[in-house]
């Protein structure tokens, strides 16, 4: 039984440690917030300019001046601070964020990441993704193992334009978990329940060491 | 030297010309200078290069300036919320320069702070790095990005005093403070003009030196993604 | 993850080593980390490179670390208030690197913000520019300056909460916020530790992410130039 | 009767205009604040991190956290804002300060300035002087026309290490006022009462055009 979206988010949440400052991307990464252990203290950053992001507001708490990087309304906490986008990306670029969880279109075995642009389609822009992968200490990608058409997304080399080169440390897919030694290679370290190594091999183009 | 103007139209008088560069604060629709964007549209100025993280939506914010074809070029990091933008871009009617969001923010800060260029790791090995100078520091490769300035910056703040000291509110701060520093002229719209001396001088986000003109605006503050949770029932 | 430590000695435990680089906040004697400087002296750590705008006076601030010869090198913009400094420098016992004050401030900010180098006009045509890369932007010449980082930053703030959010007071802010961002470890002394949630989140100068350890200190706050005017008599 | 310190400060104050943001150096430049016309609104910047500098405090108002760039205790005004030294020099370097009034050891006819270092003497450091002359829109120097030994301070080329190259727009001495077209040359535009052109020529090495 491969993992579903919530399982993948739950697995990603295990990468968080006490005292971590974390930036969560849009989509499945947002769900990670639901699975942060109650025994650890984690602070969420929103790159538009906020540290200490709270949950979505109740209907009567909605504030147009309080949104996250996905433009969703959110709330503040007792620890919250606000700052400019320049200060926010200084924080990111300067290596002060411990962990970022992001979605992806493709990841290469060396840790290259593509998640912002499909040639021939209208490009929406990279937003803060390039800054995050270049600056954050540890980058965890959460994505489906294969595309909807069944094509592998873990590749020898990314075919799409890159968001960053040698920037990914871990990939969590519906089939399992890969650790990446940036620039060197990747290793399968966990399988989702009921998934076999052969299942993974069949859907993976990237070369990887099996350590399960 | 009066900085407070009666309305947005008056505040832009004499400042606009065809082919000008305008920085516009805000992230998404949050903290955008709604009133000044409308007034800029009403001047009829053409061929504007707009520096703004986003391009508004079809019927709000910079979307208005796209409808009227007053924008020649956008310098942005994300424009995914605007159909008219997509149409004009695909038809070749609009130029577009993408910057990573943090690079865009830093370029605005640099432009205001007299820094013509800085190095960053962001974008190395991607299309963003193409044609840019590469340089190694301590064994790592970085690319050169340049400071940005504008003929006019339009900014949204929460409060101002008559000297132009500004305070922003929550995440509506975003790009506004840097853009306020990088405009040859900076015009600000606020929700409230407060008496001089009523702001805590330790908590002023933008000192008045960066602000030439101020208006009190009317703000719809449209929300893009109203995301809520249910209240637990007892 | 407890950030609050009982005293300055405890807060520096395990952080010091001979030959280390330390950034120390403050301008003159204003906003200097008095308690942490004394605790740093008491660790006996040697051959420190200190990055600080000034070097204290003979019997206060960094002057203490000069007396004990724990400083190998100073990176500063002005050291005119310290006789022991002058003596050691003229005797060749102390290295000194002068930076223009704004360049020093920006180098600290850059170091904390992941910017390894930036261009500035400051110092072009002077000894400061010697040996530095020159580059033209828009027909003007600038020099390349590099980002600075430290093994340890010691910082003085007014208030902190348990998360390390900081507020500075008046001109005691000076170099402290940038240095807080540029230390691998940043230790802060404050006059008051306030309850979480009691600071206005729009008015936090340094978010807690930059602060690893906090103490409440005792502050003499010595004044260098007590300059007053006479009250007009009626 | 050549000008004294106060006369020179009063003359420098005439360069201030309504709405100006001004940085005053240590020494005679500090006195300029005493002569700002009551009909104009001027804001003083202190480069350690303050805009809107007030007068010296009364004895019971002294605050150790409130000093100017000369480390003197000062006061705040209703318009005052505080900021970091990085933001302060961003303001200076970015060309937002309208005018700076500074002292000098030497000025050249092209506008080079030397005011921070005498070789062979212990060097105290340049502080913010290099940033100010490089960034501020207009730089006015106030200094004695000749050194105490009688040597001219307005020179063809500065003999001391420079603070900035082609950075001075005006020099006010005890003998008169010179305007400098940066990089081109200087022009004598005013004489102090009772001072003759010959008096000035006798104490000036720099080439200047006489326009008095």
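The first chain written gets the first letter, and so on, giving A, B, C and D; residue counts start at 1 in each chain.
Throughout what follows, a residue touches a chain if its C-beta (ideal position, glycine included) is under 8 Å from a C-beta of that chain, and two chains touch if they have at least 3 such contacts.
Note that the structure is predicted; figures quoted are calculated from it, not measured.
The most distant chain from subunit D is A, comparing centres defined as mean Cα coordinates.
Averaging Cα coordinates per chain places subunit A and subunit D 54 Å apart.
A straight line joining the Cα centres of subunit B and subunit C is 33 Å long. With centres taken as mean Cα positions, subunit D sits 28 Å from subunit C. Shared interface positions of subunit C, defined as residues touching 2 or more other chains, are 106, 109, 113-115, 120-121, 168-170, 173, 201-202, 205. Taken residue by residue, subunit A touches two or more other chains at 76, 82-83, 89-90, 92-93, 135, whereas all remaining positions touch fewer.
If you sketch which chains touch which, the pattern fits none of the simple shapes: not an open path, not a single ring, not a star, and not all-to-all. The list of touching chain pairs reads A-B, A-C, B-C, B-D, C-D.
Interface of subunit B with subunit C (complex): residues 106, 110, 113-121, 135, 137-138, 140, 142, 146, 167-170, 173, 200-203, 205. Interface of subunit D with subunit B (complex): residues 18-19, 21, 41, 43, 45, 51-52, 76, 78-83, 89-97, 135. Only residues 27-31, 53, 76-81, 86, 89-90, 98, 100-103, 105-106, 108-109, 120-128, 158, 168-178, 205, 221-231 of subunit C touch subunit D when the two sit together in their complex. On the subunit A side of its complex with subunit B, the touching residues are 46-50, 55-59, 62-68, 70-74, 76, 82-86, 88-90, 92-93, 112, 117, 122-131, 134-135, 161-166. By the touch rule above, subunit C contacts subunit A in their complex via residues 1, 109, 111-115, 161, 163, 165, 181, 196-197, 199, 201-202, 204, 207-210.
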